[in-house]
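Below: the structure, in structure tokens.
Naming follows writing order (A, B, C, D and E), and every chain is counted from residue 1.
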Amino acid sequence: MAGKWMGSLSEAMRGLSLAAQTCRTVPVRTAPLISRRSMATESPISKPLSNITRSVTEEWQPITSVPVTIHSFPSLEPRALESYSAKHLYLPLRRDILHLAVVFEGDNTRQGTAQAKTRWEVAGSHRKVRPQKGSGNARVGSKQSPIRRGGGKSHGPRNRDFGTKLNRKVYDLAWRTALSYRYRRGELIVTEDGLDLPLPEDFLQQAQDGLLTRELEDAFIQKYVGEMLGAMQWGKADGRTTFITGEERTNLFTSLDVAGEEGTALELEDVDVKDLLETGRIVIERSALKEMIKQHRSDLVTSIAMPNKVMKEKTLASPLYPFPHEVSEA
Amino acid sequence: MMKRLRIERATGQLLAARPGAASTPSIALRAAQVPVRHSSSSAVEAEPTPIYEEDGTDHSRFPPLEKLPPLTSTLPSPLPERALQSAKLAALHARLSLSPKIPLQTLARTLVDPSADPSPQFNNSSLAFLGSTIINYHASESFMVHYPRLPMDVLYAAMTGLAGPAPLNRIAKAWGTEVAAAPGGEVDPGLLQFSLEKTGESVLGFGYTRTVVEKINKNNWQRSVASKVIYDDDFGQVITPPPQPEEEQPAAEEEKDSEFSNTSSPKFSPTSYGSSQTRELSEKAHANFVRAVVGAIYTHSGREAAKAFVKAHILSRHLDLERLFAFKHPTLELALLCAREEFDPPVARLLSETGRLSRTPVFVVGIYSGNDKLGEGSGATLEHARLKAAMHALKAWYLYSPGQGLRVPSDVLDDGVKSGKAWEPVYVDIGELISR
Amino acid sequence: MAVKALQAVSQGRNGVGAFILQCKRIDLHYCDWAGSSKGMNGFIKSLFPKFAAAHPQIEFTVSPRPAKHPVAIGHYINGRSKPICVRNMEPYEILKKLELLRDASGEKLKKVTKPVRSVNESVRGIWSPYHGNGMPL
Amino acid sequence: MRHLPRLRGAVSASLCCSSPSHIRTTAAVAAVATTSSSTTAQSLQRRTLSTSVTDVGAVEVQTPPQGLKPPSQKWQVAVRPDQITDPAYVPAQDGLELEEDGGLDGWWENPANYGVGKEWVGFGPAEKVTDPAILEVATYRALVEALLLSQNWSDPVAREAVLSSGWGPMVLTTTAAKTKFHNRPKSTLLCVDREEMVAALQKHALPATERETQLESEEQVETAFAAEQEVEVNGEAETAVTTEQQAGVTEEAEAALAAEKTAEVKEEDDLTEGVIPAEQAQALVKELGHEWKQANLRNPVLKFFAAKRIQKLTGHKIPDGKLVAITTAGSLVKELVKPPKAKKLAEEIENKEIFQSLPNVKVFPRRVTPIDKEKMVGRWKVIREELERRGLPVIGTANIDNAIEKKWVTGAK
Amino acid sequence: MEATLSRPAARCCCLLKTTTTSTSRLLPSSQQQSRPKSTRARHKAALNVPPHPSFLSNPSPSSANGATTLIFNPPSSAPSVFQTPFKFLPKSDPRRRAALGQKLFASSVTTNFATAPVDVNALPTIFDDRSPATTPKNHSLTKEDVEEMRRLRLADPVKNSVLNLARQFGCSVMFVMMCVQAGKEHRDKVHVEPHAAARERWGPKKREAKEDRKRRMEMLMRGEI
């Protein structure tokens, strides 16, 4: 402890000394062509103390758990804090695994129903078109021959399954890698359960009374969603937004069907790794995130039942705030 | 021939060539000029051009790439402080490996020809004058030390071939100098600026204007070598006095500007490019640029740097002196030469021949004086071979060199003053043959 | 009478007194949006500053050219130019191309057969059958 | 919560889609007719659309909507041409001559027709604070308050109130700036001397908590709010309730809800008074110094508090992934002050000053057009002057057809 | 004049010889045509050249004690202009003083050195009356002689041509021309008219040839041929 204190004190001293000399070399070229933001207080900041070469005094503690803030949806107020395992949300980026997963999904989503008729499937008689010899023309067999117009296709597409295989553990790792990627970039926003889009009350009333034509409704929803997401900097300008909920929420899903260029809404079972990687950010409700991780951790939890030791389901997310004791005391 | 540097003839403007001095008067003068130009060009702006800015383009779509003070385009040459922004200029500075003591503003000023900007505060006339004196001084001293027997005319020709406008023009081109299409304040200062309409006056070379210049030019009179040395410039060319109206040219230009504002006479007349006259103008401008660079080097980093620069860029070029000679009576001249030098009279002897009766005979004739062979030549006839031998002997005489890499007077200039011993020539010739 | 003088102009020999790099300008064009400019944009940010600092005698201009492939154009003292399209190239490949542009002379590519090209006359002169002390056969 | 009904069958939908043209034609006829209004005209559209037939009166009785004001439902049938008395009546020959009336074109240009969620205000000020000094002060204050809250601040309701309170009066900020960190060995994070800060908080932030009681007692607090806030509040109330139900706590939830309502009340007048002025912020930054930036931030809850406070004060949302990496107050400030990522390469070069020390490099912010090239070599003024002398457009072709040269040659007008 | 073959050519010919023989021995029946024996023999004989005597000559006594000897092998090319003749070197020139100069220029021949000093007088001169070198002069012409010269010349310019007078009085042609000028009519009669008449008779080829000759002379004077 004392050693740690000395370390922090020395860090503070170093920071002071670094902060003392804050002179910049005056640039040769002047009059920048683009006006830039003034960063007056940026220079005195000493470089971050978590540097690569650690001092001997402080011991190496790897990051085992990462915090996840639970927001309330329309006003993004942080409401609660949970801690997830680093193996769930803080994995290193593995492009190769993500590529494997995306290709795997793409292969398996091909329906592969294209089919062309071969010469044996083309209807018609197989009589010889014209005698072998005598006519000055080329010799012809049946009129279904692939070289003739109306003939069959020699190497046409056939019904088949394009699906490929991917090890489950790899695929699950890809899921959590995609989530971790989003988390690291700060593009994973977790909201409280019941994520839905609040539409104005009287508008809903009018819609229910049927006072509005369909195009009125759609135009209003487009305006509403567009301006709301635009104000949140989540809209089209900032590369859309993917909302993921446990089950279908009518307002959210209908509105985003209408205002498709602002974002998409997906139910949990419709989500793929590719969807997680596509838009500007992922907005997912708490339970959906838990479920998603629970479904895709086959490489972490063993499925083998051990008779002698009891398998206790360790909780995915341990709540940090509101403080558990407050919650429990009530 | 070797004339000393008369720097005091240029000092007044040389002081202005230093950046600190250059900037302050420049700002003052610009400030003085702008209102005048403003009034002249305000009429143009009064025309209803709603979306266009004063440069006629749509700034809403294409904002200007460089923030220029208003009415910059009405100035004759770019502002000196813009030199710091020009990448061309910096690249040129580094390409010539100039010392950092030479500021970019001065380099920018060397690129402004008097024809573009008449005011001597901003054009390169003074620097070019200084540079021309330095270049000609070093060229002539190297010739006279290394080839002491060169005849005067050939010396003039050699000077023209090494330091005249034509070679300097080639040097400027070899430096990658780019030319501005029309000079103006908005032009990139890294471009050589000269106008093909106006001819700015520039002081170049010493000498005096003869009273009979126009007669000499009209029916080209023979000029004696002595008179060339006395009167004409460093290249033996007659100095023609500048025409009278050139004197108050800036005022006249102001007149032209102001009257352009109310009448619609074109400011820039479309000039016919590629004509001999425009070619000569551009050659002059390029040569002045090179001279001005040398002058700038002398001004900022001293004599030695200027000398090294001249050696590296101008004196190092290849000039075949043998091709500069043309004779009239070589045999007679050689005879006179031998007589003067008290050699035995030259005799042409046949050294070898082949095919005398064939269609293509070759005679090799040597010219001997006493037992010494002076020269030899081979020709298809005895007469040709003899003449060639005589010319060969004469060239061998005139092109005598005491050796390469000799000390020239400028070497002694600096260590001579400290060691106190003057420069002594290796060989002094009594002079060329003067006859009839 | 005496000697008349003919006019001649001296020939430059680059590198004898001073050496002037023949590449005087290099333009870099990129596109902010297109993927083929990815390497070029990275190059401009990463490798290009060192290259430009190492070659102060070359003028560099960097300007966007939207919806076009990235190009590096070298301009030479003899007035010719040499454009190279660097689409989908990695920064180090682009560096190679820039070095090519820097080392080029701007002339059209031609086969160089003679080891030496010089304006100086040879020391022993041009052989002539009428000179030298031959040997009797 | 009420949902958006999509109960329409295909037929009605198709009719709806065909309706605007229908409106337009009827309206046109009406426009042609003289202004004799028949108020009780039923529109074909309403018959097709409305599932329950209500009369026009009901439509007019309805309160002018906050969300959307539907186009006027009144329709008038045009008078037959043979019954027209107006002498100025000229029958239209074709549809193009008919005036248009009603319809939906130009409908959305009138903001009075709808109030859309453009006035969406999240948790925190509407627009982010970008002034570095203010950001630094806000960070410091957020850290102080977060410290106070994290180190056994008992009452969760009060904690919520403090967490979601705005800038408040200037006193809070100044006291926060005055409360200095002092080093304590046993804590990963430096501890503050807390007394006067606590007092200030209790003086300014906590009255909310005892105001909240009687506010909660009577319900007209809803009316005190603007409607769209009301919507949000409802939403938050429900969500909060759901969360707390999972946690198994209820009255805490009411407290927190009420507290944040009051907090919003405070936040409103705070926002009206706005953030602290920049020059005061700079003064505070000067007196803060830099040593506090060495403070270790390792406690996630503390970071959560600080992040929430910062979002409330400045509108900057610090995502969790970044929070993990942030271990000191200095890195937190740096994260906030960092300018937004440049979209264009030229801007990035300009911000990073990559070529500032290289005079032989010229970076152009936009495409260099041919006109720019002409300007650089000075030919543009010549070209322009010549074009103007010939009466030709300087830029663009002023709709001069291709045969203009032929006209010059032939002299045709 | 004997046909001479200078050393570098000989050296390369030796190389040629060896290579040809070797190849012919290596691949007798290759596509390259083999020469008939007579030619081959002649070539062998012709190409069988010993190295230059300057290389064969045993070292001079000066270099007997291990000192280096100088083998001076002048270029077999026309002398360059920049190679100043020995006689043109000023007294102060080191080249004149150098012992090497003494040795090399012993024959006082600057270029086209010979192994043995050539006897210059043995070389045939190109006969030229106008050259003052050929005829011995007496520079002691009296006033009477000049008067006589004038009289003769004016009396019969045809018979007493300038050349004859120069021979008769033993002075140079130029001196005669300086002393007396024949009348204009004589000049026209003798020089101008016949030349004009002759020019009239010239055909196109001859005129062209004359012009070419004139042009060639100008080029010669400019040193272009």
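By definition in this document, a contact is a pair of C-beta atoms (placed from the backbone, for glycine too) under 8 Å apart; a residue touches a chain by one contact, two chains touch by 3 or more.
For each chain, UniProt lists the protein as follows: A = Large ribosomal subunit protein uL4m; B = Large ribosomal subunit protein mL44; C = Large ribosomal subunit protein mL43; D = Large ribosomal subunit protein mL50; E = Mitochondrial ribosomal protein subunit L20-domain-containing protein.
Please read all numbers here as calculations on a predicted model, not as lab measurements.
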item: Chains in simultaneous contact with chain B and chain E; value: C
item: Chain hops separating chain E from chain C, counting only touching neighbours; value: 1
item: Most widely separated chain from chain C, with each centre as the mean of CA atoms; value: D
item: Chain nearest the overall C-alpha centroid of the shown protein atoms; value: C
item: Taking each chain's C-alpha mean as its centre, the one farthest from chain A; value: E
item: Chain pair, most C-beta pairs within the contact cut-off; value: A-D
item: Whole-Å gap separating chain A and chain E, where each centre is the average of the chain's CA atoms; value: 98
item: Chain B-chain D separation of Cα centroids, rounded to whole Å; value: 69
item: Where chain B and chain C are represented by their mean Cα positions, the distance between them in whole Å; value: 27
item: Distance between chain centroids, defined by C-alpha means - chain D, chain E (Å); value: 103
item: Multi-chain contact sites of chain C, meaning residues that touch two or more partners; value: 6, 56-61, 128, 130-131
item: Touching two or more other chains - residues of chain D; value: 346, 355, 357, 359-366, 368
item: Sequence positions of chain B contacting 2 or more other chains; value: 65, 84, 87, 90-91, 94, 323, 325-328, 351-352, 354, 378
item: In the complex, chain D residues that touch chain A; value: 1-6, 8, 13, 16-17, 19-20, 45, 49-52, 54, 59, 62-63, 65-68, 70-71, 73, 104, 108, 114-118, 120-123, 126, 130, 132-133, 136, 156, 164, 183, 185-186, 227-228, 231-232, 234-236, 238-240, 242-243, 246-252, 260, 282, 285, 290-291, 293-294, 296, 300-301, 303-304, 307-308, 311, 317-325, 327-328, 330-331, 333-334, 337, 339, 346-347, 350-351, 353, 355-357, 359, 363-365
item: Interfacial residue positions of chain C with respect to chain B in the complex; value: 1-14, 16-18, 20-21, 24-25, 56-61, 77, 119-120, 128, 130-131
item: Residues of chain E that touch chain B when the two form their complex; value: 1, 78-79, 81-90, 92-93, 108-112, 120, 123-126, 128, 131-134, 216, 220-223
item: Chain C-facing residues of chain D, complex; value: 343-346, 348-349, 352, 354-355, 357-364, 366-368
item: Sites on chain C touched by chain E in the complex; value: 6, 121, 123-137
